[in-house]
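Here is the structure we will look at, set down as structure tokens.
Going in written order, the chains are labelled A, B, C, D, E, F, G and H, and every chain counts its residues from 1.
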Amino acid sequence: MKLWRKPLDQDRVVVPHGEIHLILERCKGCQLCVTYCPRSVLEMSNLFNAKGYHPPQVGFPGRCVACGLCAMLCPEFAIYVVEV
Amino acid sequence: MKLWRKPLDQDRVVVPHGEIHLILERCKGCQLCVTYCPRSVLEMSNLFNAKGYHPPQVGFPGRCVACGLCAMLCPEFAIYVVEV
Amino acid sequence: MAEELTNLLISEHHPMDSLLRQDRLPHIWCSGCGLGTVLTCFVSALQKLELDLNKVVIVSGIGCTGRAAGYLNLDGFHTTHGRAIPFATGLKLGNPELKVVVISGDGDLMAIGGNHFIHAARRNMDLTVLCVNNFNYGMTSGQVGPTTPTDARTSTSPYGNAEHPFNVPYLAAATGATYVARWTALHVRRLERSLIEAMNKRGFSLVEVISPCPTYYGRWNKMGDALEQMKQYHDHSIIRHRTDPAEADISLGGEIIVGRFVDEDKPTFCDLQREAVQ
Amino acid sequence: MAEELTNLLISEHHPMDSLLRQDRLPHIWCSGCGLGTVLTCFVSALQKLELDLNKVVIVSGIGCTGRAAGYLNLDGFHTTHGRAIPFATGLKLGNPELKVVVISGDGDLMAIGGNHFIHAARRNMDLTVLCVNNFNYGMTSGQVGPTTPTDARTSTSPYGNAEHPFNVPYLAAATGATYVARWTALHVRRLERSLIEAMNKRGFSLVEVISPCPTYYGRWNKMGDALEQMKQYHDHSIIRHRTDPAEADISLGGEIIVGRFVDEDKPTFCDLQREAVQ
Amino acid sequence: MNDNGILQGDFFIDGDTACAEAAICAGCRFFGGYPITPATEIAERMARRLPQVGGTYIQMEDEIASIAAVLGASWAGQRAMTATSGPGFSLMMENLGLGIITETPCVLVNVQRAGPSTGMPTLAGQGDMMQARWGSHGPYEIIALAPSSPQELFDLTIRAFNLAERYRTPVLVMTDEAVGHMTERVVIPPSEEIKHYPRRKPQVPPSDGYLPYNPDPDGVPPMACAGEGYRIHVTGLTHNEKGYPATVSVETQRKLVERLIRKIRDNRDDIVELHEDQVQGADVVVVAYGISARTAARPVRVAREMGLKVGLLKLVTVWPFAENRIQELASQVKAFVVPEINMGQIALEVERCAGGKAQTILVPHAGGGLHDPDDVLEAIMRVSRWNREPETQNSKPET
Amino acid sequence: MNDNGILQGDFFIDGDTACAEAAICAGCRFFGGYPITPATEIAERMARRLPQVGGTYIQMEDEIASIAAVLGASWAGQRAMTATSGPGFSLMMENLGLGIITETPCVLVNVQRAGPSTGMPTLAGQGDMMQARWGSHGPYEIIALAPSSPQELFDLTIRAFNLAERYRTPVLVMTDEAVGHMTERVVIPPSEEIKHYPRRKPQVPPSDGYLPYNPDPDGVPPMACAGEGYRIHVTGLTHNEKGYPATVSVETQRKLVERLIRKIRDNRDDIVELHEDQVQGADVVVVAYGISARTAARPVRVAREMGLKVGLLKLVTVWPFAENRIQELASQVKAFVVPEINMGQIALEVERCAGGKAQTILVPHAGGGLHDPDDVLEAIMRVSRWNREPETQNSKPET
Amino acid sequence: MNRHEIRFSGFGGQGIITSGYILGKAAALYDGRHVTLIKSYGPESRGGASSAQVIISDEEINYPRVTKPELLVAMSQEAYAKYVDELADGGLLLIDKDLVELNHPRDDIRVCAIPATRIAESELGRKIVANIVMLGFLAANSEVVPVEGIREAVLSSIPKGTEELNTRALERGYAYEIQYLQEAANA
Amino acid sequence: MNRHEIRFSGFGGQGIITSGYILGKAAALYDGRHVTLIKSYGPESRGGASSAQVIISDEEINYPRVTKPELLVAMSQEAYAKYVDELADGGLLLIDKDLVELNHPRDDIRVCAIPATRIAESELGRKIVANIVMLGFLAANSEVVPVEGIREAVLSSIPKGTEELNTRALERGYAYEIQYLQEAANA
């Protein structure tokens, strides 16, 4: 995209990046994080955890903007993101 | 009152007159009948009934128009009026 | 003694006696209590309604008002405190031919029985509820209740009531009642008419009557004797049909909006159940 | 196994863990149940509020939602079915320093507990109530309840519900709540904000959350899986702040009005009691 | 299913379902309830089934409303029932009293779970047995039955409806989670074979001096219902034969309460049902009820195989209590062994009736499951040894 | 009245009023109640008095809410109480169980009237005595005291608060209309002379491994309250020492229930209070409690004047039951005579404990007033005659 | 043993129980006696039968019920009918003249009558103090409790602001004695 | 006496109880045996431990609890750990391959494993029929109840419209036997 004028704060905007953490045995594979991640960072894995659920994994790690929505939606306190 | 024209049904209008009945031992002397009789027909007596209440009596028998209000207000089903 | 009374006939029976259990009169209510007048209006309404009286059932809870079921010569149930409405629900569903009327006090219906009230209204259960609101628990000698106005004194609010009262018509309307009216015990003709309308209604109908309890509420709040209290309620009342019941709050000594507030049609529980099963 | 997951770090602890009883996780709620998300929002709100967490007390009744009190690392009381509010009332009056929050289900708060709800609202008791409405009794495996929409099927309304549901915000507002909001479980940010507002409110505040119960309600009503049900609620919702709660009825498959409906000030029970006694 | 919607044949169903089907067979056409584990399945079954037989299911707002609605429906002429578990049972106690004093036939099923309080909702207990007898305020008597299998739950539910009508009183079916959630074959007989005790109706027409609380010679008054023209008055206050309150008449109270109690106590022989297995001549009798009677069967067999003379007395009717039989047996046996899933309830009654003539050994279980049969066996063996090792036999009188 | 609003001195007040004043002396600062005859006067007194001492009165919407609020207030650190009568007591049964399983100290007063159901609201009964013991579902033990005069109602209300704290449990004061509405002189001692058992607090600071349900050696756990930083979890489900639900652990259930029961039963000697009057050496002992103990005093005196050896054993503590003492006495006396205003409740316990060694004669009263003292006298004389006319003495064993 | 049994009777709303309370309080707190007061009434607030039983004794009182009262105050026909027979021989019956017709004569008792309700209503303007008028009349006719104690008990038991009214009522009842005797003499 | 004790175990939501029900029904109604089924689970709807105990006998069954099952189906690690020890000597253990790791070896039992959940999910498209897959597998590996009875019991116990799905699930589980043995041979 070509900007006809340069936004004032462009220099200061650093697109944040997130490091995704999972507490495996809490996950119940509900897919909320995957479905609602605005950047489609996550995808479901094929693995089972001990309770027989499929946890998510990260498909596109670079895309994460650490918005925190996945953590907020997760019903299990199983996923969170650390801004790096 | 002088009527400038004669109401159509005047001949048929008979001002009703009421005969007042009292069931003495039900009365609790609350005075509702006396207070709200639109024609001030009733007054409280000085007598006591068995429970120690003063029942009403009729002060102005001719005035009663058998409107039934005393009966409707009486909390005791103690008074009623028969149109005669 | 009777012979000394002037110009009236001493009688043994009253024209309403066929609807009353004469062998239980005089009733237990205090002299000047509004309850008797309300009962008279109810009997008068019944006399005007074209109902099979063998199918009219009165259900009461416990309280001064709750004694009503015991004075009417109809099938009558004097249940437990607060439970008139669910009992009545069972009666109605057990035999839908019955016309079931609940007559009870503000404490019975709104305090301990509040949940049943709102759920029956919600279900639009085909019942008529006559709630006599005397702003306190008369039977147990005048404690604060859910309709007692803020600041009013009672034996358990001796420093003035710290609670906001329910607005009974609003509660009924907000939970689904299809007929809602309020009168004072002195509005005898209008009350009678509302009772007729309510009993003719299919669905949950509520008639609230503001009624003096001279013995407790009146005395605690220095409202004078029964006559004065009755007059005060009447004088403070303003007839405003179709008022939004939300506006019909009652405050201590304030005005009392009365009238027919709600009258609409909505399928009853039985209607919907019949539909669902078909 | 975990090592096979790509691009994420396997962790033992969550940033919200200090507010959780980690030794009780994972919780009992079904996969995709909205309850976990609601709890997350609540914890997040707590993290943003400036409260002494030692003085925050959670009270729950019985139900799936009722388990909330047991997962929060706060003083928590898991009482009897329907009685969270009066228990909370005792806590608050026993120690007015406490911030008392009730978290419970629609059945707990509106069916068996309905009376306590309306009376606490009436008194403007200083409590925050978070009512998770999943339109049925989850814990006992999906029976009809007072918020189940008409015609909806459940294990005890297999032919379709014949009752009209409560409109929870309306009931709260009509009985005296001073803060009333509704969201769905997917409105995480707005819900968090409402929870903050509610807990900052003096007086009786209610936040209703519409939440999927995929295991029962969703299945009975063929709403697809948890994700779909959650999405449906969200998609059917319309944000309309300050809507008259009377207009916020929910029907089966119909739209769900959400937003902050009521936010006003009124003396609480404690205020009035202090005044009266002085 | 028959044309009339009533089931017949062999079914593999759980106790709760059997209970619901029994109610339908017994003519129950009203259920007012509130879900609670482990009784919910009864409500669920009724919700589906009642409309099929022209009845009404309503889920009330709580258990108090449920029992109130059941009483109301009974007065509308219906056979009516509710089902609950401990917490709901506790809530019903006030209106159970109303049912008793107004003599309202109805059936109340308690599928007991482990308490106290919320306890263990999905696991069995027998901790409400004394509550069944004493849980409502004031003096009264009650009838309570205790089934030990889905089939028996079926049979006793029908019997409960009949006893309710026969004695004009609420009847309790005190089952438990183990039986309610246990699935077994249940045989539902043809409708014609199911006995119905009809509601006892007044023999006089309305206004012909019918006194609603004037009893027949057996202490039970015929019952006019709402809408039948009798213009009855029914109150939970102390009332006279007219049904009118008599709240300061001690004499009316005495007559009423004594009659309410007598109509049950004097008919104990009709009401009490016991199953006896080798009780005659036994040295030790295991007294058990409900699921615990099944638990007891195994150790009893084992003990017999070991040559011990052990009887099994199963209380099918728990209340009124089988006083006479226990008294009789006390003179014969060394000891009663009473396993129950509580900390001692019916054992107290056994001990009382034993009157010191035989020992009573409680085998308690705090709840949450069935006894280990070995615990019962151990108790049987312990008391059986007394004769052989007289030094430990310190409490058996000589009789 | 003292500066702090607490009364002291001689008063002519009724039992209900004395009860309220005692609560205030005992440090009760929360009352959640609902009016009911004949307990209303307690609420009315509290409504007036609590604000004067800095406490809170709230009239709840019903009795269920009342007890729930009382439990809540106790967990907020207050001494809290409610008062009711039969119908309300029945409604409280579910949450009484919650109080028991969560070990919540509080006091519940039942001013008994004649039941069942609404019965005779203004007249005395003692028909809720077994309900006090068994009215809530599931296994548990309870403490219940029975005063026989306004003064004793005063004293026992204070004791009830102390027992509640000592054993961390709801304590019942089972009085009745006769005592509650009876007016006599009541002496209120100076505050300093009133014993307060303080709430047992944890000895460790928060987060230092405090286990809310880890008992002291006497079976009672110290109690952290809400707002004290311990972040307690309290549930009516079966719970472990952390207070966490353990709804499928039979072992946790066993430990919990046994402890709840043991902490009362094992401390019977501390809890049980009896007043004995010439019991030693008596042939007949009248066992009575509450107002009936006063009724009994007269016939006991008359019988003694006639030369009979009659003792009077007054049960001040009714629950836990004075098992040991009755057992002991059973070996000594010919018979126990038990007058109670019900159709036989405590008499059953006496009979059980007597174990057939002595007869138990119930003198029942259906309720609505006190016994005619002659009825008690008649029973005393009847059993006293047994020795002299051996042909009628058919049930007294030789011991 | 110095023991007195007294019954006050009438119907609810007449202040029957208050009368008993005041008499009992007078004896217990101002005369140092053992006193037991029990009340009987129905669940109705007004209109039902009401009675107060007072026992005054020098010894501890066990059984609190009055069985043979030496003094009976009857303020209603019903109460009179119900209780007149239990009055001890030589006992004293006080009635409200307008409310009780002596249709059940006993010649072994003394009867004193006063129109207490009428006096309260017409002379004092408050029917509600009829019970205090009656108490005054009682004090004049019986020596169970000294009138001074009764006066103190009245004053410490009534709502503030009604002291004068109640004092007048008590005195009016006390003073009525003479009048009654005169009437009796004239009869 | 011909008596079989079987335990199904896993967590809530896996259809453990349904499995027990179907097996029991097959034996009771389609094979004329005495059958007792008891269920154990916690109050939570999903996720908690769940187990079904089935006793099949030619005689009346009294004590309804399984003590030494000859057949154990374990669909979760937790269930496996909890129940593997109670299995009788020579008993048969059926596990869901993906959900149970055999970390508690016993050499006196026979173990058969099937990825029932995975089959249900990926082959049949409905994770929910994993229990039926497992039942088929059971029928193939044990002779407690004839497979025909199980089929009838399945069909009479499931919601209408799911007949085909469930039949396929049953058959898929039944057919898996061979595959498993081959795998085992290759292992």
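In this text, a contact is a pair of C-beta atoms (placed from the backbone, for glycine too) under 8 Å apart; a residue touches a chain by one contact, two chains touch by 3 or more.
Quantities reported herein were computed from a predicted structural model and do not represent experimental measurements.
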Shortest chain-hopping distance from chain B out to chain C: 1
Third chains touching both chain H and chain C: D, E, F
Pair sharing more residue contacts (C-beta pairs) when D-F is set against F-G: D-F
Distance between the centres, which are taken as Cα means, of chain H and chain G, whole angstrom: 85
Separation of mean Cα positions, chain G and chain D [Å, integer]: 62
Chain centre separation (chain B, chain H; CA means) in Å: 87
Multi-partner residues of chain D (at least 2 other chains): 26-27, 29-31, 62, 78, 80, 111-112, 114-115, 119, 139, 141, 146, 157, 159, 269, 273, 277
Residues of chain E touching at least two other chains: 37, 51, 61-62, 64, 87, 94, 97-98, 117-118, 120-123, 235-237, 247-248, 369
Contacts with two or more other chains, residues of chain H listed in rising order: 40-43, 47-48
Pairs of chains satisfying the touch condition: A-D, A-H, B-C, B-G, C-D, C-E, C-F, C-G, D-E, D-F, D-H, E-F, E-G, E-H, F-G, F-H
Residues of chain E that touch chain F when the two form their complex: 64, 85-87, 89-91, 93-94, 97-98, 100-102, 112, 114-123, 125, 127-128, 130-131, 133-140, 235-238, 247-250, 253-254, 256-258, 260-261, 342-343, 345, 348, 351-352, 354-357, 365-369, 397
Contact footprint of chain E on chain D as seen in their complex: 62, 78, 80-82, 111-112, 114, 137, 139-141, 143-146, 155-159
Of all residues in chain G, those that touch chain E in their complex: 40-43, 48-49
Partner chain C, residues of chain B touching it in the complex: 19-26, 28-32, 35-36, 45, 47-49, 51, 53, 55-59, 61, 69, 71-78, 80
Chain A residues touching chain H - in the complex, by the definition given at the top: 28, 48, 50-52
